[in-house]
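Below: a set of structures, written as C-alpha cells.
Below are two complexes that have chain A in common, paired first with chain B and then with chain C.
After this line comes the complex of A and B, so read on.
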C-alpha cells in the first residue's frame, strides 16, 4: 500500500512541477543561550558551540505552500569557504533545530514525507502528521501585522525519545495547517515556534507566481515510521554495546 | 462499641467531606461531544477543515479545536451548558461562524460554500489597512503613516 502511495506521489509530483501559485514563508533561527549555565565547559568546546550558534543565526528556511501541499526546506546560502571548521559548525548549528532535510505535507492525503539523516544515511519517511497534543491559549500578539494566537504542545524527539514542551504562535486568518518542518496540526499557519534550543520566527511572506516546487524523493528508500523507529532502536543498541 | 462509634463517626465525616469536594468537580466538569462532518455543497467530505470552539461566556474554559479527517469527520469535546462560538475555516471555502450550547452530545454537519479566494488573496486581505470583522472595523494605524510622521524632529 505504501509503495503504491509513494508511486502515486512520484507520478503526480516528482517529474512535474506544481502548476499553482505558491506562497513562500521564510523562517529564521534564533538560537537559545545553551552555554548560559554551563561553566565547566572548556574553551575549545565553547568556541565550537559559539561558531555553531553563528551558523544557526545565518540559517534560513522556506515553507512553500500551494492549495494541495506544503514543502519545508533549508534555503541554501553561500558560506565563506575559508572556515576550516565549516562542517563541524554546520553540524552544531543543525542541533539547534534538528529539522529534517525537507518535509512535505500533502493536505488531501494527510501524509507527511520527510528526509531524515542518521549517521550519514538519509531515509525518506512517510507517516501521518505527528500529534503534538496542541492546547490553544487566549494569548494573542501581532506578528508581521497578523494577529497570532498561542498554542502549547508536547514534542517527542525521534532520536533520543525524550519529550519536551513546545510553544507555537499561529495565524487563524491563514487557515493552512502547516508550519516549520513536521510542526503543524494547528488551525492556522505556524509563524513562531519555541523549541528546546531555539526559537523559529517568520521573517517574511512572499506571494510568487513561480511553479517551482520540485521534489526529490527516492522511492526505494521510503519507509514508514515503525521502520524508522526500529532502525533507531537498533542503532541505539549498537551504540550502547560499543560504549559498554 | 466505642471503637465502632469512632469508626462510624470518622467515615461519616470523611464521606461528607468527599461529597463536598467531589460534587462541584462532577457537576462542573461535565463535557459533551459535538461531532459531525464538514462537507461541500455536493455533500462530498471536506478534509483538513479547521473547527475552532471559543467559549464566549466564561474565560476559565479553554479554546478547543479539531481538524476534520480525510472523511470530513470532526469531534469536539465541549463543556456542559457553555456558550461557544464555532468558527469553521478552510482555504478555498467561505468561513462559517456558529454558536452552540451543549447539554448533551450532538451531531452537526457543516456545509462549506466554495470561495474563489486563494491563499494569495487571504494574505493580501490581511495586509489591508482596514480590517472588517463582523460588527467591528479596525483601522491599522501603521498603514496610515504620513510622510511627516517618518521625519526626524
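After this line comes the complex of A and C, so read on.
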C-alpha cells in the first residue's frame, strides 16, 4: 500500500514539473496572548514566552498549489544565530500553531501526507483528509480584495486528543479545497484560520511559473494514521512519567 | 505562587524550594513548572519544551539575573 502511494506521489511530482503555472499562497502567524488569563506569572516566564511570540511573528508559511496537489511548509528564513535560547523560543513559537513540518494534499487520490515531529523523531504519515465537520456561515468579509466566507469547525489535536473549535475564512472564487497544514475541506481556499493559540492569515498570493513543488519522502518511515495513533499512545506513557 | 524562574549566580534554578537541591533536579522541576504555568499541563505537544528548557538550564544558557 505504501509503495503504491509513494509511486503515485512520484508520478504527481513528475506532473508538477510540467505544470505551466502554480499558485503560491503565503501565510503569517498572529499569536494570541496565551498568558492573558493566567495569574502569578513571573517576569522571567513572560520574557521567555515573549521570545517565542517574536519568533512566531517572524514565521512565514507557503502553500504551493498546482492542478494535482498542494504542499504546505514553512518558509526558511535566516534567524539570528546568537540567540542562546533559540531552540526554546522556536519550541514556544511552534506551539502557537503546532503545524506539521510539511503537508502534502493529493487532490485526485484524496490523501494527505504529512511529516510530524514528536520528541525529535519525524514520522511521515499518509491518511485521508481530516473531517472538521465544517458548518458554513453567511458571514462574509473582504480579504486581499476577495470576498471571503466564514466557516466553523471542530479540530481534534492529534498529539493531545483534545478537541477545540476552529474558525476559517475561505474564498469561493479560488476553488481549491486547501489551506494551512491539514486544514482544508471547504469549497474554496482557506485564507484565515483561527486556532486555539493563534490566528493564521494570508499575506499574499502569487501566480508563478516555477515548477518547484518537491517533497522528500522516506518510504521506510511512511506509516498510516492507525500506526501513528499507536506510537502516540506509547509516547503518552512516557509523558505521564514526566508530568507526574 | 508560580515563581518558576529565578536566575542565581550558579544558573537557572527553581525558586519554589527552600532546600538546596541538585542543579539537575532544580532545572527539571523549573522546566516542568514553566510548561504547566504556560500551557496548563504537560502533554505530547509541549513535552519537548520541558526537555529543551531543562537542557538549556543545565548548560547555563538561561542567563543569570
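The rule is simple: the second predicted complex is superposed on the first by the 229 of 244 C-alpha atoms of A that agree within 3 Å, B and C clash if a C-alpha of one lies under 4 Å from a C-alpha of the other, contacts with A are read in each partner's own complex, and residues count from 1 in each chain.
Note that in this section contacts are C-beta pairs under 8 Å (C-beta built on N, C-alpha and C of every residue); 3 or more make two chains touch, one makes a residue touch a chain.
It should be emphasised that the depicted structure is a prediction, and the values quoted were computed from it without experimental measurement.
Judged by the touch definition given at the top, the superposed model places A:67 against chain B, while chain C stays out of reach.
Legend: residue contacts after superposition of the two complexes on their common chain; A:177 is shown touching chain B, with no touch to chain C. Of the two partner chains placed by superposition, only chain B is touched by A:188; chain C is not.
In the superposition on chain A, A:48 makes contact with chain C only, while chain B stays out of contact range. When both complexes are overlaid on chain A, the residue A:23 reaches chain B alone and has no touch with chain C. By the touch criterion stated above, A:122 is placed in contact with neither chain B nor chain C. Once the two complexes are laid over each other on the shared chain, residue contacts for A:108 go to chain B alone; chain C is not touched. By the touch criterion defined above, A:133 lies against neither chain B nor chain C after alignment on the C-alpha atoms of chain A.
Across the complex, chain B is touched by residues 21, 23, 65-67, 107-110, 134-138, 145-146, 171-177, 185-188, 205, 207 of chain A.
Taken in their complex, chain B has these residues touching chain A: 47-48, 50-52, 59, 62-65, 67, 69-70, 87, 89-92, 95, 118-120, 122-127, 140, 142.
Interface residues of chain C, counted against chain A in their complex, comprise 1-7, 32, 34, 36-39, 41-53, 56, 61-63, 65. Interface residues of chain A facing chain C in the complex, by the touch rule stated above, are 34-35, 38, 40-42, 44-45, 48-49, 84-85, 87-88, 91-92, 95, 98, 118-120, 157, 159-160, 232, 235-236, 238-239, 242-243.
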